[in-house]
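Just below sit the structures, each encoded as structure tokens.
Consider the two complexes below, in which chain A is the common component and chain B and chain C are the respective partners.
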Partner chain A sequence: MTRPLVLCHAVWLEVFRRRDFYVLLILMTAMFAWLLSADLFGSSAASRYVLDVGLLYAWGGSLILAVTAAARQLPRDEEIGAVFMMLAKPVTRWDMVFGKWLGTWSVSVGATVALYLAVLAVSALRGRMPDAVSVCQALLLHGCALGVVSALALAISTRMSFGAASTTAFVLLAADYAVVPKIPELIGGETGLRADLLLLLYKGLPHLEVFDLRRRLIHGWGAAPASAILISVAYGVAVTGALLALAWLGYRKKRFPRQGG
Partner chain B sequence: MTPAACLKRAAGIFFWERLIHAVGPAMNPIQVEDLAVSYRTRSGVVEALRGVSFSVEEGGVVGFLGPNGAGKTTTLNVLLGFEEPTSGRARLYGCDSTSSIARRRVGFMCEHSRTHPFLTGRELLVMAGRLFGMRGSALRRAADSLLERVGLSGAADRRTGTYSRGMLQRMGLAQALINDPDLVILDEPTSGLDPVGRARVRELIAGLRSEGKTVFFSSHELSEVELVCDRVLMLVAGHIAASGSVDELVRDGESLERYFLKLAAERGGEGGVS
Partner chain C sequence: MDGWTRWSERGDPRAGWAAVVLFAGAAFALSCRLDPEAVIGTGAGVSGVERALGGARSLLSAGLYERADQYFHKGVPHRRRAAYRDFFVRLRELVSPDAHLHAEGAEMAEVMPWLSLAARADERNVEAYNVAAYWLLKMGDDRESERVVAEAVSKNPRDYRPMVELARIRLFRGEFISAASAIDRGIALWPVPDTEESESARHDLSWFLDMRASLYEFQGRGSEAVACLRRGLSLFPARTNSLGRIARIESGELDPAGAERQLRNVFGGGKTVCAREEDEADHEHEHEHEH
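Moving on to the complex of A and B:
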């Protein structure tokens, strides 16, 4: 277990020492400054709006960070040749995959917690503070979503370059968010093979919508039942595990081009 | 392979490799038997290695020579578990080279050593040590001592992304030695270095020999090999074409370069594999 932790630490250092992380940080600061100063419509609905926009930003920012950081890890190591230094140590391919995932997931969860704290602080200044249990539930499920997303990007990156892997992961995520929840409506009007295929897609693709509790926070619906949260967490762990297994299968026999004699 | 055979193999690797690792000193550092590696390409199958067999005994410096495309890098890739052979086997201290345990007593320096540019030299060594399970003050002492040994103490807290080529080569050597390995595998260690850098690497290799380490290094710099090697293995077109000490291979008045060129011409130099 220690080797994945060493690799995880290296991912943290890499993310924090890259300039693009600071671009995200500056954008976040600018966004919150605007949220704090804006007096929208001069009504009480403005505080709800602030929470809505802030949480949307937290989701968007954390997903961008998770995808870009995860999709970069393995291709970057191959590109600069660092993979040879790592794999010449007693490090297995699974250690590499799991350590990189742990690093990108933990760094995006850390950023998400910071974003939530900032959004909640702005919201509190506007006179609206969601209850603590709901916030913890939302954060927990958000963390599960980030686990799935970073495992997905990492799995794709075992067979693609950074650019191709991150673009593919973003397209899949957008399709997943926009299409998967609508599939039951589509199945309603279909029969036969087409309906079966749609059902297969619905059951086979990850359901990221189950991890999104933003509406509960925004509208103050209170905490969700514990059983529903537990089932969602179990689902997240299972999907992440399946995607990590896929990443390992893509990486375990991979040959790395090395110039020489 | 059946599930039962898979389980047996996994259990075998897990227990047997650990046992072998514990009694390792009795085993040869490198044992390669009938190794063959072939790749499927669009134009057909390319045979990078064809029945390569050799062993490297404990202690001394062994040079692994061959023209470009002879299969040196492929052999090193198999030895270090970067790729699996099509047939045959490679063992490090008795452990199958595909097992991560085999690499516990091995240090490796890659040609054109490049590493994470965002880490400082010291952080890189600490990370490399942790991957071997080293911890605390022992690791810090080992890192400081190696930085001193390769002449990088002054740049220890600079990011490796700012290092020159020569500094990166020396850092590559330092990270290869962090676990105090018994076997050091170096891939073209003097490639791209100026004469001062080459002399420094030669000194380091001589130092490792005097400590009783086994050094196995690939090169096509014949003058370097002549200067530092006790034994030479020559790979031509995927075969071991000659092996022995420099004195055994080279007749009176002949240079290693001349012998090598003659051998490469006789056996067909360009294998076309990198």
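Moving on to the complex of A and C:
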């Protein structure tokens, strides 16, 4: 277990060196400054929209961070030759895959916690604070979604360059967010090949919508039933495990020719 | 180098085809998110730049307006009925509740930012201004409501629709003479091009005529009141309740007190029927027919 933790630590150092997270925070500050200063039909009593936009930003920002961080780990190590140094040590391919995933997942969860704290602080300034149980549930499920997304991007990156892997992961995420939750409604009016394609998407892509508790937080619906949270967490762990296994299968026999050799 | 990595990094034509397929997927995903009913400005007087960018602005505005509708329904989006309910649909319903509830009282203030953003995104989205003005008035903030209507009028000077809310504000305050001038202006501007046949435009004209008839009756001008009522009846011939009123006024029995009561009832009984309720009623109606 120590070897994946060392790799995880290396991912944290790399992310901090690249300053991705600072960019997210600066953009968020600018967005809040605009939202809080805009004249919105004299709605000084309104506060949900701040929480809503902030949480949407936290979701978007953390997903972008998870995908870009996960998709670049393995291709970058291959590009700069660091992979030879690591594999010369007693580090297995599974250690590499799991350590990189652990690093990118924990970095994106850390960023998410920081973004949630910032959003909740601004929302509290506007006089709205969601209940603590709902916040903890939302963070837990958000973390599960980031685990799935990190594993997905990592699995794709075992067989593609960083650019191709991150683009593919973003397109899959866009389909996941925009199409998959609507398929049970869309499929009613479809037949033949279109219906088959929609069903393929529905069965093949992870269901990130079961990790999204924003509606409960923003509109005060209260905490979700514990059974639903447990099922969602179990689903997230299962999908993450399956994607990591797929990543390992794609990486375990991969050859790394030396650059210029 | 590994084959998969090679084709994605170098100029292999397969990478181009993969990109085309991926972008087609992204476009498909995006098209499922955008509201197909958004109005795109194509009328006369629209500049080339507005034509190019107007569609995007209208779509953005329609999306923000839809967000306001979601806030009115406590965050629940308008969904079509699912063809099936599997494990994931049931789990999503547990995680994100989807009961049909409406925001009430002070909660309506939460809708305002989205209506404001929708109006900022597309200044021709008069619906966003009008809904904001209506709810601000209903919350008792007639001053802010009037400011919103004034903004709508300045951005859309040839549109009759802001006059509906302006007249409502004036009636709410009991300023009947200025309400009459807002109604007359609204009737003069009616309709917006291409909306003569729309149900909501005819409802608006009918409301103008009904209120104008009451104002005339309140002032003791029976023949003008009857003319308004007859014109309103021609829009909706099935509304036969106007016939009794016409007969009463024509027989010389004017009721200024009754007319004033109607003029002060600016929210029409206070029941707000949302489109989703109508959809649900339609669905239940269809269901009854199926059986």
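By definition in this document, the second predicted complex is superposed on the first by the 235 of 261 C-alpha atoms of A that agree within 3 Å, B and C clash if a C-alpha of one lies under 4 Å from a C-alpha of the other, contacts with A are read in each partner's own complex, and residues count from 1 in each chain.
In this section, a contact is a pair of C-beta atoms (placed from the backbone, for glycine too) under 8 Å apart; a residue touches a chain by one contact, two chains touch by 3 or more.
Values in this document were obtained by computation on a predicted structure and should not be read as measured data.
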{"item": "First, second, both or neither for A:Arg194, with chain B first and chain C second", "value": "neither"}
{"item": "Which of chain B and chain C A:Arg252 touches, first, second, both or neither", "value": "neither"}
{"item": "Which of chain B and chain C A:Ala10 touches, first, second, both or neither", "value": "first"}
{"item": "Chain B versus chain C as contact partner of A:Ala164, first or second or both or neither", "value": "second"}
{"item": "Chain B versus chain C as contact partner of A:Ile231, first or second or both or neither", "value": "second"}
{"item": "First, second, both or neither for A:Met85, with chain B first and chain C second", "value": "first"}
{"item": "Chain A residues touched by each partner, larger count belonging to chain B or chain C", "value": "C"}
{"item": "Overlap of the chain B and chain C footprints on chain A, listed as residue numbers", "value": "255, 257"}
{"item": "For the chain B and chain A complex, residues of the former touching the latter", "value": "66-73, 76-77, 80-84, 100-101, 103-104, 106-108, 110-119, 123, 127-128, 130-133, 159, 172, 175-176, 179, 185, 187-188, 218, 220, 274"}
{"item": "Residue ranges of chain A touching chain B (in the complex, touch as defined)", "value": "2-3, 6, 9-10, 13-14, 17-18, 80-82, 84-92, 95, 253, 255-261"}
{"item": "Residues on chain C engaged by chain A in the complex (per definition of touch)", "value": "1-2, 4-5, 8-9, 15, 18-19, 22-23, 25-26, 28-30, 32-33, 71, 74-76, 79-86, 88-89, 91-92, 94-97, 106, 109-117, 132, 136, 141, 144, 147-148"}
{"item": "Residues on chain A engaged by chain C in the complex (per definition of touch)", "value": "38-43, 45-49, 75, 78, 141, 159-161, 163-164, 167-168, 171, 174-175, 177-179, 181-182, 184-188, 207, 209-213, 215-216, 218-219, 221, 224-225, 227-229, 231-232, 235, 254-255, 257"}
